[in-house]
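Consider the two complexes below, in which chain A is the common component and chain B and chain C are the respective partners.
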Partner chain A sequence: MSIVLIAARQEIKSLRREKLAQALLIVFVGMVSLSSFIGWLTKKNVTAIWQKVKYQGLTTAPNPFANVPDLYYLRNTVIYLVLIGALLAIVLGVASILRDRKAHTADLILTRPIDSRSYLLGKLMGIGLWLTTILGFVTLISWMSIALIIGKALAFGDSLHLVAFFAMSLIFLLGFVLLGMICALYSSRETNALLLPISLWSIITFVLPQLGTADHPVSLLNPVPAIANQGGAFSILNSVFSPLSTTEQFKKASSSILGNPDFIGSPTVGITVLALALMVGTFVLLTSKRDRLRRTLDE
Partner chain B sequence: MENVAIRATGLAKAYGEKQALHPLDLTINSGEIFGLLGHNGAGKTTTVNLLTTLLEPSAGSLEVAGFDGSRQASDLRRAIGYLPENVQFYDNLSTMENLHFFARLSGIVKPESRIREVLKYLNFTGHDNERLGSFSKGMRQRVGIAQAILHQPKVLFLDEPTSGLDPVGVRELRDVIVSLNRDLGMTIFMNTHLLAEVSKTCTSIGVLRQGQLVYHDTLNSTLLSFPSEESLEEIYLQIDTAKTT
Partner chain C sequence: MNNTFVIFRKELLDVRRNKFLLLLLTFTLLAVLVSILVSALDFRVKIYAYNKYVSALHSAGSTTVPAPPQLFPLQLLRGSIEYLEILGALFSIVLGYGMIAKEKQKATLGLIFTRPIGRYQFAAGKILALAWTWFLAVLTIFAVVTAVVAIIGNSPLHAIDLYRLLITAGLSWIYLLLWSALAMGLASYTRELGISLVASIVLWLSVVLILPQIGDTMDPDNQVPGGLFNSLQISKKNEVAVLANFAGFDKVRNGIEVSSITKHYERSTFAYLGIKDKFNQKPVSFAFSGTLPNLLSLIFGFFGVILFAILITTRKRLLRR
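On to the complex of A and B.
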């Protein structure tokens, strides 16, 4: 068995027994599972209000949900992935590296006839497989719950879009796993190892999009991507900082894949940015000095 | 020449201006139990980290079990076992799961039977499926020794192996070290500051002070060289003082 596979297997074994990762996982799966139900409830309430208003002759506008695509019910999942999913990914990445640094097992591992890059790649692969299993499970739940809401099986095309959305989500989350792993490798304190990637996540999610949009941070919790403010400086800032915000790119690509009527555009740019972030993160991880893995924590 | 297990030639380590280990020339023959003595911060762990290829030397060369430290690092690692000081292992995994992982990393294809064999040899059976989080320091050290010898290394490095153990644990571990050397012919390099441990297990000793090897000889020769001293502790203090003044 190759070192990559040995490390991946060990990572999965450890993840299955880590309480913080388990707690976040339960919250994540629970919220994603509820997402479709919330979407259905929203549709039901809005339609009821619209019917009442129309009956009173107060509007002639069509039901806002009349032409909503079936995958609309997944829109809340996008924001759960950006918030809880990304944090879960960071925690998994940090825990993966700190486990060896705290327990001094890195010294044992690095005195074995192995390449430290293979070991780190195996860890990443282990977390990736674990996330794939979770996202696979979530895909299945989402498919079934949407089918229940619309009263029929999802069309083949929509099913493909659903799978594509969760595949892209895996790339998006792996970027944050890498962020956690790298921060844990380079931090000298355990607290910094977790605080640093969470701070970076908040910058990526809230600060960078704000620079080009001047949006209120709360509005960035909306699954619909932030729109660039039509001012000279804002347009420039948006074109500079928007590609750096992987969360906004994820939201844009998700909106496109899920057929969100509020968003017009291709998912190509978003997916490319996410793939680039994954490649850069993997490069930084694998070119880190092996000594980083065994540095004693200051605390 | 073939009898040499460890050879360091001008082996040195510096961190910027600080010289952690001054050029070290040391030869340890196969079958020896070598005890490296020294105060805290004398450079003992740095020496072990260099010899196990965990650290890259600033100068000099090393050879362990016939393999060059820079050109044949992977072969060298295959030939050594290592138990660092204060290793914790994976608390939420069982003895078997921990050892399985390290056995795989060492290239053992079917680890189960080998793990059981080693645990039986170390008289540590009945704990296979218990998680290490509930283990005492002594039990962890047993697991530590087990992971270090799973792949039948030629040279075993132990960094303060009895640190934190109770007297019974110290005695048991000492017996294990002696039997590994006697039964399996392993060369053992042991860092320690416990002189009683050295006098009961080692065949040769070295004294490191402020990163410099100030003494190296067999234990018997050492005892003969200092006939007026009553114990190894007195001898150690005399060596240390002589070099200090």
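On to the complex of A and C.
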């Protein structure tokens, strides 16, 4: 068996023992399962409000939710992927590298004629397979929840969009896995290894989009992508920083794939940015010196 | 010298030597400042758009002049408070967790407890150090923020504005210390350090991000860009009357929001700074009475967590195997 597959298999085995990853996984799956229900409850409430207002003759506007697509119920899932999913991915990446550095297993493994790039690629592949299984499970839960809400099976086209959305989510999450792995390779302390990627995540999620849109941090947790502020220096800031915020790009591409009526645009730019982030991350990881894996932690 | 004071002094020395912590605090300060600058820039864009609109009206021969956008300098702090809510809480966890983690990792606890230290002196020294560290950090952040807001606002801040900033700084100190004490208590409570870090991060994620987000998502007015009631062209008076028929749903939504201590901090500070229009340019006493339940929840939560940290961080629990 090739070293990539052996490392991948070992990584999957080790992931079962990661407590933080397991805790975040439970929160993630729980919230994704609840997300369709929250969406359904909110839509029901808004429709009831609209009916009341219409009955009292206070409005002639149509029900804003009259023609929302069936995949509308997934809009909160996008945010849970940005919040919980990305943090879970970071933790998986950090744990994968720190486990070896703390136990000095890399010292032993690298005495063998093993290419460190194959070893690191195997680890990434193991996490990727683990995430694929989780996302596959989450896709199934989402499909069943929506089918339950709309009272019929989801149309074939919508089902394809659902699968495409979760496939893109995998690319998005792998970017954060790589961020975690790289930070863990280059940090000298365990706490820093975890905090550095989380700080970078907060910059990507809150600071960069704020620079181009003037939106406040909490508003950026809205599933609807932030709209660029067109005045002053914002247009320039947005063109510079927007491609760097993978979370906003993910939100935009998701809105497009899920047919969010509040968003007009194609998912191509978003998917390209996510794929580029994945490629750059993989390049940085695989070009890291093998000594990085063997460096002892300071604490 | 009193044992509590010895531990307090030693902790301050450690904090001063911790470069990574300094980096995190600097990062928080920068995020807070960037947010103010972006809000100020956004206001300038609005003024520019207003002037353009007015000159277009004049060119068209209209004599009507719409009201210009008004700058309330303290409202520029909205994003900054939100950064303290999110990043501040996370970095507080790191500080509180580190207070116990370093002792467990370096196995210094056995040595410390060979000395005749009182039951709660160890915990008291650590919490005092956390309190002092956050006092200095909050003081620095708010001093810089006050200066920047005064410069950007292009007018000196009045005594009442400084008073509002002082109250907000006090509430921020309570909020940040609460998270540090919680992480310290959890690190003392669990045998394995990893578990306490897991619990702290999952709590942070749930309390700071997920619960407020669920409440926000369930708000009917947040369902349509620009607001549901605006899109339906419903006046504020009718909006209140209509929503009275959906009190049950709103109670559940509000219940989810107020189960997060972060929301209490946010509602209180937004009221004192006049970020919420309802409290803008109103006396401090109005903000106080309007958000008293939030203030009390924050204070009770704070004392509860401090008590938890003191009662848990004892020799018996720390030295158990």
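Here is the rule we use: the second predicted complex is superposed on the first by the 298 of 299 C-alpha atoms of A that agree within 3 Å, B and C clash if a C-alpha of one lies under 4 Å from a C-alpha of the other, contacts with A are read in each partner's own complex, and residues count from 1 in each chain.
By our rule, contacts are C-beta pairs under 8 Å (C-beta built on N, C-alpha and C of every residue); 3 or more make two chains touch, one makes a residue touch a chain.
Since the structure is predicted, the reported quantities are computational estimates derived from the model, not experimental observations.
Engineer: Tell me the contact category for A:Leu110 with respect to chain B and chain C: first, second, both or neither.
Structural biologist: So A:Leu110 only meets chain B here.
Engineer: So, does A:Arg294 touch the first partner chain B, the second partner chain C, both, or neither?
Structural biologist: After superposing on A, A:Arg294 lies in contact with chain B but is clear of chain C.
Engineer: Chain A residues in contact: does chain B have more, or chain C?
Structural biologist: Comparing chain B with chain C, the partner touching more chain A residues is C.
Engineer: Once the shared chain is lined up, is A:Ile97 touching chain B (first), chain C (second), both, or neither of them?
Structural biologist: Neither partner.
Engineer: So, does A:Leu81 touch the first partner chain B, the second partner chain C, both, or neither?
Structural biologist: neither
Engineer: Between chain B (first) and chain C (second), which does A:Leu120 come into contact with in this model arrangement: first, second, both, or neither?
Structural biologist: neither
Engineer: Which residues of chain A touch chain C in their complex?
Structural biologist: Chain A reaches chain C through residues 19-20, 23-24, 27, 31, 38, 41-43, 45-46, 48-50, 52-53, 56, 58-59, 61, 64-65, 76, 79-80, 83-84, 87, 189, 191-192, 194-195, 198-199, 202, 206-207, 210-211, 214, 216-218, 221-224, 229, 231-234, 262, 299.
Engineer: For chain A, which residues are in contact with chain B within the complex?
Structural biologist: Touch list, chain A to chain B: 1, 3, 6, 10, 13-14, 17-18, 99, 102-105, 107-114, 291, 294.
Engineer: Note which residues of chain B are touching chain A in the complex, please.
Structural biologist: These residues of chain B touch chain A: 52-55, 74-75, 77-78, 80, 82, 84, 86-93, 97, 101-102, 104-107, 147.
Engineer: Help me check something: in the complex, which residues belonging to chain C touch chain A?
Structural biologist: 20, 24, 27, 31, 34-35, 38-39, 41-42, 44-46, 48-49, 78-79, 82-83, 85-87, 90, 94, 97-98, 101-102, 105, 194-195, 197-199, 201-202, 205-206, 209-210, 212-214, 216-218, 220, 222-225, 228, 231-234, 238, 242-243, 245-246, 249
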